[in-house]
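One chain, chain A, links the two complexes that follow: it is found with chain B in the first and with chain C in the second.
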Partner chain A sequence: MPLQVFFLRRLLLTIPLLIGITLVSFIIANAVPSDPVSANIPQNAFDNEEIIAAFRAKWGLDKPPHEQYLTYLGNLLRGDLGVSIKTSKPVLEDIRQFLPATIELASFGILIGMALGIGTGIIAAVWRNSLADYLTRSNVVIGVSFPIFVLALIGLNLLHVQWGIVAGPGRLDFIMRDPPNVTGLFMVDAALAGQWDKFSNAFSHLILPAFVLGSYVAGIIARITRSSMLEVLGMDYIRTARSHGLHERRVIIHHALSNAMIPIVTVIGLSTANLMTGAVLIESIFAWPGIGRDAFRAATSQDFPAIMGVSILIASIYVLVNFIVDILYYFLDPRIRVA
Partner chain B sequence: MRKSVLFVLAVAVVLLAGFGAAAQDEKVLVIGHTEQTDFYDPANGFTGTTSLVRRATYDTLVTFPDEDASEILPSIASSWAISDDGLHYTFTLDDSFLFNNGDSVTADDVVFSIQRLKYVNGNPSFLAAGIDSVVANEDGTVTFTLPEVRPTFVTELANTAFSITNADVVRANGGTDGMDAAETDGAADYLNQNSAGTGPYQIDSWAPQDETVLVRNPNYPGEAPYFDRILIVNIPEAATQKAALESGQIDIATDLSPDQMTELEGNPDVNIWRGPGQWNHFLIMNADPEIGGPVSDPRVWLAVRLALDYEGYLQLWPGSVTPGSVMNYFLAGAFQDDRALSRDLDRSKALLAEAGYPDGFDIDLKYPDWNAFGIDMNINAQKVQADLAEAGINVTLAPGEFSIALEEYRLGNAGFGYWLWGPDINDPVDVLAFVPGGKVATERLRFTEERAPAEILELRDAVKKESDPVRRAELFDQIQVWLQESGNFAPFLYPPTQTALRVGINGYNWHPQWVMDVAIISRDEM
Partner chain C sequence: MRYHLRNHPMVLVGLLVVFGWIVVALLARGLASHDPLAKDVSHRLDKPGENGHNWGADALGRDIQTRVLHGARITIPAGIAVIIFGSIIGVLMGALAGWLGGLWDELLMRITELFMAFPTIILAMAITAALGRDIRNAIIALVIVWWPSYARLIRGIVLEIKHNEYVDAARCAGATGPWILFRTILPNSIAPAIVLMTLDIGNAILTFAGLSFLGLGPPPTSSEWGSMVNAGLDNFSQWWMWLFPGMALASLVMAFNFIGDGIRDIFDPRLRRD
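And now, the complex of A and B:
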């Protein structure tokens, strides 16, 4: 199948998926047995019918649900996600404010997770049933089962408060001014502005939360890498490669790992989407102004436009990551190109 | 190989060089705080963080002392006079106040600010609903007219929602004080990112849910505040606030739990400020038999109050006090703990028997599953459950998601519950919310005037109009006695307000109206 056809087919499939996601998000947001009025109007104004009526009219809550949904969908097609009830800013603007922080954190998290996970997974597979294998398997269990917020709090208290070897909460020291905003990614923006003190400060703030996030996904990646590598290492073509006298490193990296990559790419893709959207706890603990914290804020204040906006963003991230994974399959697995 | 090692080392040096060092000459105060705000626009915002920022960036006609709300002091108004019929208040303005762009404050600015607050239908607009008119007089004074006598009116004006804004600036940015302001005013966005006030600071920027930055007002005519810049950083996780305070990243942590405060007591770099709290924790009992069931009986109300182990709550939350009544205990005339009820299980059981429940009864306790400013309500609910079990009342805990529980409470559909209250007005009149006909008693707990005895309604009506301070205090005393004996609330805990500060921070004082005044805070010079 030509790449263009494969690409187009995958792209078209995302359209009904995204529309379905808006509908499900809308139904769930409206199914909550509570009224956004009580979450967004102060107690003392709750008795003022004029204020409540004005609030309902302003946010379209006085219209029937199907009308609200169709209006929302129409606005969405024009790129308008509405205005957040809580911040009074366009939802898109809020997303623009919070998303870069999450992208920066999740990117480093997944890089650390990949480095740790693939590295230890290969070691465990190559030296199967060795001490290294047992250690890797134990770490996988610990990494996956240890509550991430406990790891974060221990890390914060030991590495930051007690030993002072990494920076604490926030994206920069609080008294530092942000670098000039170009991408919203502090390390990139600081580098572009030549502000190397801020670049290194941003890195020192990033390393701990990214490591905590990365250590969580590293366990899953390591497990998949190990089992996938074990399967490939038992194949005839690996024995053939070795019998040709190839260097062991070349056999493992070029022949074994490249053929074991499909399940690894799948789990990395899912982990990336998870980190981008599921870092609520880490963002809260590290006072990281990202999209996870905004999503939690939106949900607890029943800020429907923000809930919908964030839901669609999260769904889009999953769709995008799956789309990229599918494209990678195309290159990694010749059978897909032939099918 | 050697080159790559050197490269890695160079990168590591660059990356680690910035950690821990942010030396600068600027004096910056960093406050770690759980941001609770949706607007900094004085006419639209009505939350704790909003009050803190408004105190720093605006002034009101009258104000409270720095320490508490014990008296009313002049501010933009240098003096005021009340007409004989008690309906007209005329304020003379102090001409030394300047807005942050250098303009003087005029009577027109006052009229504009009050009318905009009233008509914009913002969250605090209800505060101005009881003002018939506000007029700028030819002599530069301002006259308010009220529909009925209200001795608390001047106290109400000390609320930071009545901040005086620069009318020209607000108008130039889309603001209006017209009666159609709810639909036509467009200044909120501007006033969320800028201030147009007379306070010692002005808003530099606000990134919602992230950080608010205040800088000095260049045209402030008074003594310049100590800090050049104030950063109010949103750190919703209390453990993170604690870590940031211990490492010196922040100077003040406002939201630590009592346990965390105890852990910090031995830290030589941290001081703990403790003072009276704002929140009264109490049980609610619905007066409608169809909703409250057994707890709609006034004898059960008293039985529940007498069954609570008040001492036990003080042990749970060190530094707390037992409320003498449901009136917040820092308000003038509020019963202190020396007039609080004590546990009397025998009398409690006798009252239950008298009400027809000699073997007690089963009931659900509804409350929000919430950490209320450092107090885990679940812990208190469990204690209530244990206390009432000793009187024979079998309580099933029914915690709910905050907004869902709040809605049920506000709509008056909660039978037996646990809630808390901080005063809207820093005047004893606030307690009338708990008296039949008041917001909490009637609208939320169905203790209607029809169900109430005449004596409390007479007391309520008399105190609303009483302006003589001695007579007023007597009436509030009688109201509190009545509430203790016959009210449908069981107040059991006033947790303290606790704030953790880095050593060297001076002048901090928690305030019931504006949380803290950053302009009076300073730091020891090194």
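And now, the complex of A and C:
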């Protein structure tokens, strides 16, 4: 199958899914017993029907649900996600402000998770039943079982409060001003502006939350890497490669790992969901001004436009990542190309 | 059974820890030295070991150990409730999709996929926020998030076994559709769902505690472990306030995961980690 056809077919499949995501968010935000009016109007205005009516009219809460949904969908296609009830700013503007912080955190997190997960997974598979293997296997269970918010607090207490190795919550020290905004990723922006003190400060703030987030997905990646590598290492072509006298490192990296990558890539794609779950918890602990914290703020203040905007965004990121994973299969697995 | 336990010693450890926590949950009133809600501001933030507070006291002088022991009464039933209700809905949806096939299958599976597209906590947060914050609503939110994986699993199995000869035999014997589905097909497809339940329960407990940690579960006064950790944030240097409930949570989830891993190995040799 040519790449274009494969790409187009997968792309078409995501469209109904994306529309469905908007529908689910809309239903949750609207078909529930709670009333956004009571959450967003001061208590002393509860009896004032004029204020309540004005509020309902302003946010379109007085129209029937299907009209609200179609209006929302139409606006969404034009890039208008509505206005946040709580911040009074367009939801898209809030998202644009908060997204880079989460991208910076999540991409560092997934890199650390991949390095730890794939690395320990390979070691555990190559030296099967060794001490390293047992340690990896028990670490996997501990890693997936340990509450991420407790791990974050332990890390913060030891590494920041007690030993002072890393910086504390926030993206930069309080006395520092943000680097000139280009990408919104502080480390990249600081590097572009040549402000290396800000670069190292941003890194010092980022490393602990990213590590905690990474350890959350590392366990899952390590488990699948180990089992996938074990399966491949038992194949005939590995024995053939070894009997050809290839260096063991070449056998493992080129012949085994590249063939074991499909399930690993799948799990990395699926881990984005875990990563976003982790981001909500981590961002609220580390006062990280990202999408996760915004989602939490929206959820606790029943800010429905923001809840819908953020959940649609996060679910779409998840769908997009898994779309990319499917495209990667095309390159990783020649069988898909032939089929 | 003894053979399996010998080969999977961690299952035994997990069973012991879970059993221990269940006993604690049942006997919390008798085991605890204090009242979990009794405030004693003269002993606020007592360090572990001070004034009869073995694990210290919180900002209102409440005994941490007592509250952790009582917390088991909330967290364990909540996790089990999520798994039981989630799996019942999921199994029914999956069985119907697989059995009815055609348009129904397509419809039910697309709905399932939609729910799976949302990261668990985001969807649960939105639902809890909408329903209102309390334990019951947190459980309802998690059930709504939890059923799709069961639906997908059971649908696949039902599709596989509905063409088996014993199903044809039941049909020839005059059995009606629902009878075949509930008496012939479901009993034969339930084992993988039980394995998934044991693998999942730790995760359900973690997510429930995560919701409480965010303040979207039980009220802040509750001794639920997640909300206790959250309460410790305001007194971060008083590590005993968040570490003990956190470790209680970790030990319980770890124990469930050891059991789940072992049971998966025992029930399904194809999925064995080795």
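The rule we apply is simple: the second predicted complex is superposed on the first by the 334 of 339 C-alpha atoms of A that agree within 3 Å, B and C clash if a C-alpha of one lies under 4 Å from a C-alpha of the other, contacts with A are read in each partner's own complex, and residues count from 1 in each chain.
Heads up, the rule we're going with is that a residue touches a chain if its C-beta (ideal position, glycine included) is under 8 Å from a C-beta of that chain, and two chains touch if they have at least 3 such contacts.
The model shown is predicted, which means the values in this text are computed figures rather than measured ones.
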Check your understanding: Overlaying on chain A: chain B and chain C, fit or clash?
Key -> clash
Practice item. Examine A:Val161 and indicate which partner it touches, taking first as chain B and second as chain C; both and neither are also allowed. Key: both
Review point. Which partner does A:Ala315 contact after superposing on A: first (chain B), second (chain C), both, neither?
Key: second
Check your understanding: Thinking of the overlay built on chain A, is A:Ala273 touched by chain B (first), by chain C (second), by both, or by neither?
Key -> second
Exercise for review: Scan A:Ile175 for contacts with chain B and chain C and give back first, second, both or neither.
Suggested key: first
Point to revise | Contacts of A:Ala132 with chain B and chain C, given as first, second, both or neither | key: neither
Review point. Which of the two partners, first being chain B and second being chain C, lies in contact with A:Ile238: first, second, both, or neither?
Key: neither
Exercise for review: Considering only touches as defined above, state whether A:Thr300 meets chain B (first), chain C (second), both or neither.
Suggested key: both
Exercise for review: Scan A:Leu153 for contacts with chain B and chain C and give back first, second, both or neither.
Suggested key: both
Check your understanding: Does chain B (first) or chain C (second) touch A:Ser284, or do both, or does neither?
Key -> both
**Study point:** On chain A, the residue positions that both chain B and chain C contact, one per complex
**Key:** 32-34, 153, 156-157, 161, 284-285, 300, 302
Check your understanding: Residues of chain C touching chain A in their complex?
Key -> 10, 110, 113-115, 117-123, 125-132, 202, 206-207, 209-210, 213-216, 226, 229, 232-233, 236-237, 239, 242-243, 246-247, 249-250, 253-254, 256-258, 261, 273-274
Practice item. Could you pull out which chain A residues touch chain C in their complex? Key: 16-17, 20-21, 23-25, 28-29, 32-34, 128, 137, 141-142, 144-150, 153-154, 156-157, 161, 223, 226-227, 230, 272-274, 276-277, 280-281, 284-285, 295-296, 298-300, 302, 307, 310-311, 314-315, 318-319
Point to revise | Contact footprint of chain A on chain B as seen in their complex | key: 14-22, 24, 26, 28, 30, 38-39, 46-47, 121, 123-127, 129, 182, 188-189, 192, 207-211, 231, 233-237, 239-240, 243-244, 246-247, 249-250, 401-404, 406-407, 410, 424, 439, 443
Check your understanding: What part of chain A is in contact with chain B in the complex they form?
Key -> 32-35, 38-48, 50-51, 54, 86-89, 94, 97-98, 153, 156-157, 160-161, 164, 166-170, 173-176, 196-204, 284-287, 289, 293-294, 297, 300-302
